[in-house]
Amino acid sequence: MSLLEARSLTRRFGSFTAVDGVDLTVDGGEIVGVLGANGAGKTTLMRMILGLLRPSSGTVLLFGRPPSRGTRRSIGYVPQGMGLYRDLTAAENLAFAAAAFGVPAGPPPPGTETGLVGRMPLGPQRRLAFAVARQHHPRLLVLDEPTSGVAPLTRVRLWDQIREQAAAGAAILVTTHYMDEARQADRLVLLAGGRVVGEGREQDIVGEATAVVVHTGDWSGAFAALEAAGLAASLAGREVRLPGAGPDEVRRTLAAAGVAADITSAPATLEEAMVLAGAGAGPGAAAVGGVPGAR
Amino acid sequence: MTWGVAGLAVWFGARCALEGIDLEVPEGQITAVVGGDGAGKSTLLRVMAGLVPPSRGAVRLPDRRQLGYLPTRAGGFGDLTVEENLEFVASAARLHRSTPRVDELLQRTGLASFRRRLARDLSGGMRQKLGVSLALLPSPRLLVLDEPTTGIDPVSRSDLWRLIAAAAAQGTAVLASSAYLDEAERAAWVLVLHEGRTLVAGPPAEVTGTLPGAVVEVDAPADPARAWRRGSRWREWRPEGDPAAVAPGLEDVVIVASLAAGAEGAG
Amino acid sequence: MQAMIRKEFRQLRRDRRTLALMIVVPLLLLVVFGYVARFDVKEIPTAVVGVQAEAVAALLPETFDVRIVDRAGSRATAEDLLRRSRAIIGVVAEPPLTILVDGSEMFAAQSALRRTGSALPFGEPQVEILFNPDLSTAAIMVPALIGMVLTAVGTVITSLGVVRERQEGTLEQLAVMPLRPRDVIVGKIAPYFLVGVIDMAVITAAGLLLFDVPFRGSWLVFIAGAVLFLLAVLGMGVLISTLSQTQGEAIQLAIMTMLPQVMLSGMIFPLTSMPWGVRWISYLLPLTYFIQIVRGVFLKATPIDALGIPFLALALLAAVVLSLAILRFRRDLAPSGRRAAEAPGAAA
């Protein structure tokens, strides 16, 4: 049985449809990452799952039941801002949440034993936020950018803990727009314009999407020529990449500008695939390419 | 021309914020500084913006008028419109109020359709584009951007990096910081900081060669202290080398460097 | 510099709250000092008792607004009427002609004293100031200050406490915990209520000891009034915090509600001298009624049955403000339609 099951979930705000017929399941032991640009519907979807927002249509089932005060006992939530009381100590934060859930309080994680939470560096604060969210043994953990802003080693150590919860049977839903985090999920769901436009592992999301890679001694010349021609170029070190572009067009443009370059094609990165999927959804977005993994 | 610091140390009272930092920021190139909260990124960028004096070491900066700086989460004045923000920065920089540069930036960022909108009513991505535009407006020789893409979604982030790359293509020296390693791959040079010291430095594509020993991918780690999860599998550092080594990514290199530096459990 | 000035003006123009504070506050002060701040009381509620009551009442100058004429009444009747605040001046129309003045109404009393004597056609009367014979300012201000301090604690501090949860994102965290909205609301308000009670006890004790303010009435009446008042100001605090997004906004709003309370509650300027154009505002303020209760209890030992109107008004205000506050706070905690989402059929 899926611990979280959302069926044709839709939410409208006036004439604007923020989430449009989304199906989403998360099984016990599974980490699912929800990706998407701003306005793709990530936050609205998450708020409906948490019971903070009523769906316009469709249903959310948590542990096979509709959301209620009872199901809230089995949810752990770490909001983007961590939701900690900065003017309390770690132990006091743990004690408050434990009392609210009616469980004994856990010990403060290493590095948070003394002092007020507001005075701690971000790493220990994130560890504490996760400890608070999991101390009542939730069956569903909802984590919004749970490792944002911390050092790489701290990030992988946090992911070790998140994995442990999954291994113990919890269903984990992570929303993020950083590839460093997305890479850690078992399965990704890509949202654009309120709809699911891609699902699966990284390679499934990328699908057939490719990027043209320009290797050249004069990257700035190449970049300027391509941008002037209205092509969406991005820089990767000293190479120029053009996700979703055609190699011939790139070759022609560079030849016309007199820039000597070696042009190859490579699979798009996950981020490039997201940009291609999100293009057209946001204002000022890049030129539209194919929509990978659209269904 | 290359800007930068050599042998830089910054102390705030008894607290050491930066120690032994060397960094060159050449014109026409993006240089990235990556690190977690408290690593010293902002301090280094504030030194490069001429706002924090070095306690020790040399700093080479252009004239104040040729330096653009965008602090963390600064996207102009919230209660001014997009146009008024640009106009203010233009007149503060003694540019003509209707310099063609304003229109060029408005077009390039897609802000042209939001000229009359208050900055506080812009989306996060648009607001940040405004911030970068304001820093770019006086055509600085050195552009210092503190976490320009933090909290910004991938589409806007990609647009922002294009804007920044375009400035570099025109010859600006760009120094940008980020908490995320995947951002660093856009730069020609990356400096990874940890607790005020250099952890890894070099071109992102080349620093992977500097990894001591090897990284292997396994289902169960032999030494959990030297292992980290990547999805459902583990990666493990073998300092003595290993024939089954996988090609390490930038993140692996930084994690190994952190483990080697004994940086476990910090920031 | 020019660019800086232009920018600052533009920003100022858009900061409605600060602008309102900058313009409304001086304007309010002007209106208050121009129209409200009349220490000189024009109409003094007066009761005339005794066998010659009618004759004496007819002879009194216009300033004395004779509301009660009681031929059968005695000096004790007059004192009682003053204690119950039905009149500020009591004239005992029996020889020797005696004028009783309610000393708890400082300004009215002073005006009255100035007008007695020569104005009366039957020689020099005996004047007695009751309740506050020395016309001590402390005796009048200390009870009122208790109310003001409680307003500050109740409104400002409570509003900050709730808005902080919103600003730091912990309000959302509370909403997903298995807490009932009433657990959260009561749990949030109770500590401030307790702090308010302790605060009140400390100030009252300090006032009585340091300034030698008399306490003549019933402690129970005082406590009952204080509890109602505290509930009303706590409700204001919660209401302000649900209307604000940041602590800065909350403080601005709280100041905007504090100012009229200080000016118009009768704490400084007597209500009776205010024109009706502003006096109606006074009657919407909890502090107005609390001051009537505390001054009565402290100085005049006013019995509870004579405080029916202030008690009723305070209870009504507390109920309205607190209900509004709770309704709005609930909306933050249990977003609209969570119920509906619980019934699977309802949402489809």
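By letter and in written order, the chains are A, B and C; residue numbering begins at 1 in each of them.
Keep this in mind: a contact is a pair of C-beta atoms (placed from the backbone, for glycine too) under 8 Å apart; a residue touches a chain by one contact, two chains touch by 3 or more.
All values reported here derive from a predicted model rather than from experimental measurement.
The chain occupying the central position, as judged from C-alpha centroids, is A.
Pairs A-B and B-C differ in how many C-beta pairs touch across them, and the larger number is found at A-B.
Centre to centre, using the average C-alpha position, chain A and chain C are separated by 53 Å.
Distance between chain centres (mean CA atoms), chain A to chain B: 21 Å.
Averaged C-alpha coordinates put the centre of chain B at 57 Å from the centre of chain C.
Touching chain A in their complex are the following residues of chain C: 168-170, 172-180, 335-338, 340-344, 347-348. Within the complex, the chain A residues that touch chain C are 50-60, 66-70, 72-73, 75, 77, 79-86, 97, 100-102. Only residues 35-40, 110-111, 121-123, 148-157, 159-160, 163, 177-180, 183-186, 219-221, 223-224, 227, 232-238, 271-272, 274-275, 278-279, 281-286 of chain A touch chain B when the two sit together in their complex.
Within the complex, the chain B residues that touch chain A are 28, 30, 35-39, 109-111, 113, 123-126, 129, 150-159, 161-162, 165-166, 168-171, 179-182, 185-188, 194, 203-205, 228-232, 251, 254-255, 258-259, 263-267.
Those residues of chain B that touch chain C in the complex are listed here as 77, 79-80, 84, 87-88, 91-92, 118.
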